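Below you'll find a set of structures to go through.
The two complexes that follow have chain A in common; it is paired with chain B in the first and with chain C in the second.
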Partner chain A sequence: MTFVTVTTGREIEGSFCGSFFERIQSVMKRGMIFQHLLTGIFTLICIITINFLLIRFMPGDPVMHIIGEDEYLRLETLNPKVLEEVRAEYGLDKPILSQYITYLKKTVQFDFGNSYRTKTPVLETVLFRMRWTLLLAVPSILLSALIGGSLGATAGYYSGKKLDTVLSPVLMVLSSIPTNCLAILCLLIFAFRLKWFPLGGITSGGLSGIAKGLDIVWHMLLPMTVMVLFRSASDYMLMKSTVEGIRKEEYITVAQGKGISDRKIVFHHVIKNALCPFITSLCMQFGNILAGSMMVEIVFSWKGMGTLIYDSVNTKDFPMLQTCFLFIGICIIVFNFLADVLNIVIDPRLRKEKINE
Partner chain B sequence: MLDIEDVSISFGEEQAAVSEVSMHIQEKEKMVIIGETGSGKSVLLLGILKLLPDSADVKGHIRFQGESLLDKKKKEMQKVRGTQISYIPQGSGNGLNPLYPVGKQIIESIRRKDKTIGKQDAKARMLRLLSEFGFNDVRKIAESYPFMLSGGMRQRALIAMGIAADASLVLADEPTKGLDTERIAMVIDAFSKLQDKTLLCVTHDLRFAKAVASRITVMYASEQMESCEKEEFFEHPLHPYSQAMLKALPENGLFANMGFAPPKSGEILRKGCHFKERCPYYREKCSQEKPPFVTMGNRKVRCWKYADEA
Partner chain C sequence: MNRQVKAGMTILAVILFVAVFAPVLSPHDPYELGIPYQIPSSEHILGTNDVGQDILSELFYGARVSLTIGIVSALVVTVIGTTLGILAGYYGGKVDRIISQLTNVAMALPSLPLTIVLVAFMEANLRNLIIAICITSWTSTVRIVRSRVMQIRELPFVKLETTMGASSVYIMIRHILPNLGEIVFVRAVMEVANAMLTEASLSFLGLGVLGQKSWGSILHYAFYRNGIINGYYWWYLPPIFCISFSVLGFMLLGYYGKKDIKKKHKKNRKEKISYA
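Right after this comes the complex of A and B.
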């Protein structure tokens, strides 16, 4: 059994990268990227607008959603004047259109107000929490793509052989278990029973330098493993079914008829054709990166975006939630755009080039 | 050069896709297999190259230049493919990788023959090949992606790719499928450039067969019905199926009295002659016993009408 690894030969990589930028240029010239960019910007404006309308059209006084129920009740009974001042401060007494314009201005200036729970600027908290989520999610997405993708490609190409029959059912089960179940199971076995890993958190505290870094890595290992297991399984399934389909295409038979080795067929003909759906899936994972690991973060008390959203929902911290949603939206739009562009660059059929007759 | 003896191919089902086919192809001969869709002709081509899925069970003997192909191991077979036996798929299909320019895919074949060839030399040879097959703006064609070409152009590019590694035996699968008369003429022209090659071509286009073949084999529902020289086939077909096919040609009066093909499965194929349901010369014996493939002079035919005489 030969395993397909993702490291390609120099020759293949060279030819791919060499023309990669040329192709981007040719696509840019045709204005196709511009078209996708416009769609992205339009979606972004929609998200911002919905974000704005959400608070204004929710039942109840918008001021309550902005400053929180506790504060609202206190001011209403003890100091109604201050409440009106707050209303004026947020411009909630003005007509909705001028409120919208102010809101847009503030959004562009990254002024999202203060969290009513911590009273600190929302943006600061979100950006701080974001880095911990990224630290956990980026390596796990990349690692799973590597593991799941290469195993899936091998199993799909040698469909029905040993690797496929052993791995597919195992990963099928793995991908159908909800992440939080898997996370609790791992926590129970490896942290609680075996005590190999900490029960949660990002750091033990009281450390500095390399020791601190290693401590964070030690805390990361278990949640990351859970995420890698889960994501690899779904990456594997996608890659396997894509490659299985491509394997049946006539051009693969033709390539075999040319007498090319299996290795070359996989790299030159199979992988590149399987790349479009796989890249789309990866971009969707990256797009969903900020909220995607919420379950794992909560189980392992990882203080990232996921727990931030969770806590904010529990405490009805609307300014915080609004900002989180905005960032999640931006992330999804950016990576969708990236997926569109990459697909156009890889697949000439999407470039709508002229047909020679 | 290529000896096929009693080759049967089945996919685990009761009925074989190819049953007991035999043919001997001499060097530079142009053998054309005529048959309807589903008669097993394409499976036979892939069987020769050992490119069928693992579920296929190939029995019999296939010898290429004296060596048994069925006994060859995977690596040994890889060496034969492309450089000694090449495969040309149908241009209307998906035989070219959609993501690479046509020229690059032809160069891939050229490199099979000459591994050390430089980039410029390979490109020059590829452009020369394309111009040989009737392309005018060869550079533009080489840089085109498969979806940018018409079916006829793809077919010619595939023929160029098929012979790029200089194989002596060329297997072609329905080269005229889905093409109009004008483009068929172009493909015939392309095939006429393969004079120094041995050709085994599969088609259901009788006029293409007439233009390209030196010998003809007729297949019907997995069995070989007739095998003879081209002239004999078109002037004096022996098998009732061959006769009916030729009568149905427009120049012979579009005379099609056989009706639609019955399903080629189950009862019909279990016993007796596979053609019995449609045969105008049907008799009792045809549904009881399978006719043998008898030799009549320098031709062979599978029909009780002749088997009894012989």
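Right after this comes the complex of A and C.
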């Protein structure tokens, strides 16, 4: 996604005569940020609503989805009165609108109910699992941005040269292998055949202190490698095509004509202009962080959010799923907003009137 | 047409051929039970799985489900995306704002988890799987089509038509839609790859179409019934290869096809300038 600016005569004048237009610009900037904020809040409400409707429109009694099938059957035969109390607590005997309001209230109070399986508050489990996912995903996103970004920029700048012709097809093939398949292949070669790494899990247990930390790192390396491989491939593709586009711009030719070194051109002109789409992509990766490593987590039985969602689907653990869903949604919204703001801050063209190209 | 596009087309032709002629090509009935865990031999070229089904035949039939889901989802997504994109781009204003807002919301939905939840709680048949895949994947087509339509709308011939009194619907169908052809095609091809990947992930998790062979579900059984721990390479390597191979085919077509189109556009533009 790129943006084209419409430059009117007035704006050109404005850039010459100082502070007045700058102030207008900053107000517009704030206005745009405010607009993005509104979109974010609206999206959040939509996600909460979808969450709410999901339970109500599933086949079967909604109470069954809230307390679980086992509990429902037990109460129905032994103690129907308690069942009615639960129904009243969630307002399920009232019209749908007041149910919605009750649900909103509970969401705002971070009251997500208990899990069917563990009978403990859902929030605790989700927050605990989230830690492990973040531990795995944050370094892998940053590392692959560094590797994929720098390789992509180099290959794009020297397009058609050795690096490009060797690396591009390899990474293209790599990115067409689904993550779960790549994970299985790595598991097979490095953990099963070569026995360099454990078959899965987070820790071998029975350790403490530094030994435990090292053990976790040892367990982490293989899943992280898979994620870095996959993510750097897509980062590389994006960076390469962006830089290739910039390379053809006239200002690069001018800079080269002036005899400026390649290094200076890359750092001063190319990278700066290639940053916008790259940052947007990074923010999207961070937004998807909670669910993004799902397949890798499942293959390596890494007990993070991904496996939690998968287990909850298998056991039809609705409160857990809803809460995961909400957190994932919030994460995406926050990082989308961040991407918009960062782009406005980085790219002065976006502060002016824009047409989405 | 460049080399990469040709390679992509060849791959897709092979897969399509296999999918269409699966019953003729398969040496065995993929549902027929037999001796489990047989290593590849002349009788079973790729060996058998845990219940003795012939894996080569499974793969041939699997191509059908994977391709059907990929292509149908891509068609649905493309039709919805193109329609919304044209409406938003052509009318602008309020229509545009509503559609853009809708797109923004849909883009913030976590796509794989939502698809998984939908599939898990609906009956797992072909139709529901396609619906679940489509629900989150129409957004990028809308965005791309919308911005292209906004450019086309400003071209002289559209304005001419408008002043000649042509109706909006007529202009959109007769003049704008044909000009979108290539962009929509590239998007649709990428969408097939995406849908096939999603389907592979879903059936790998055991949430695919019940009782039907697909590449993802073969991998599911290979993984969860210890095919990997026991080293039955003929069981899990072929589906991995098939999924990656076909996704690569679509990606080659989409990625390099896009470049081809860009080059063509540039050429056209240069010609126009030289005429002027």
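Everything below uses one rule, namely that the second predicted complex is superposed on the first by the 322 of 357 C-alpha atoms of A that agree within 3 Å, B and C clash if a C-alpha of one lies under 4 Å from a C-alpha of the other, contacts with A are read in each partner's own complex, and residues count from 1 in each chain.
By definition in this document, contacts are C-beta pairs under 8 Å (C-beta built on N, C-alpha and C of every residue); 3 or more make two chains touch, one makes a residue touch a chain.
Here the structure is a predicted model, which is why all the values come from computation and not from measurement.
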Superposed partners chain B and chain C on chain A - clash or fit: fit
Which of chain B and chain C A:Val226 touches, first, second, both or neither: neither
First, second, both or neither for A:Met172, with chain B first and chain C second: second
Chain B versus chain C as contact partner of A:Leu321, first or second or both or neither: second
Partner chain(s) touched by A:Leu188 [first = chain B, second = chain C, both, neither]: second
Touched partner set for A:Tyr310, first chain B, second chain C, both or neither: second
Touching partner for A:Asn336 - first (chain B), second (chain C), both, neither: second
More chain A residues in contact - chain B or chain C: C
Least C-alpha distance (whole Å) that remains between chain C and chain B when both complexes are overlaid: 6
Touching both chain C and chain B, counted on chain A across the two superposed complexes: 355-357
Complex contact set, residues of chain A against chain C: 1, 39-40, 42-43, 46-47, 50, 54, 58, 172-173, 175-178, 180-181, 184-185, 187-188, 192, 288, 290-291, 294-295, 298-299, 309-310, 313-314, 316, 321, 324-325, 328-329, 332-333, 336, 355-357
Interface residues, chain A side, partner chain B - complex: 160, 249-251, 253-261, 268-269, 272-273, 346-349, 353-357
For the chain B and chain A complex, residues of the former touching the latter: 46, 49, 51, 54, 78-83, 86-87, 89, 93-100, 108-109, 112, 140-141, 144-145, 147-150, 153, 158, 161, 165
Touching residues on chain C, where the partner in the complex is chain A: 101, 104-105, 107-110, 112-114, 116-117, 120-121, 143, 146-147, 150-151, 193, 197, 200-201, 204-205, 207, 219, 223, 228-229, 231, 236, 240, 243-244, 247-248, 251-252, 255
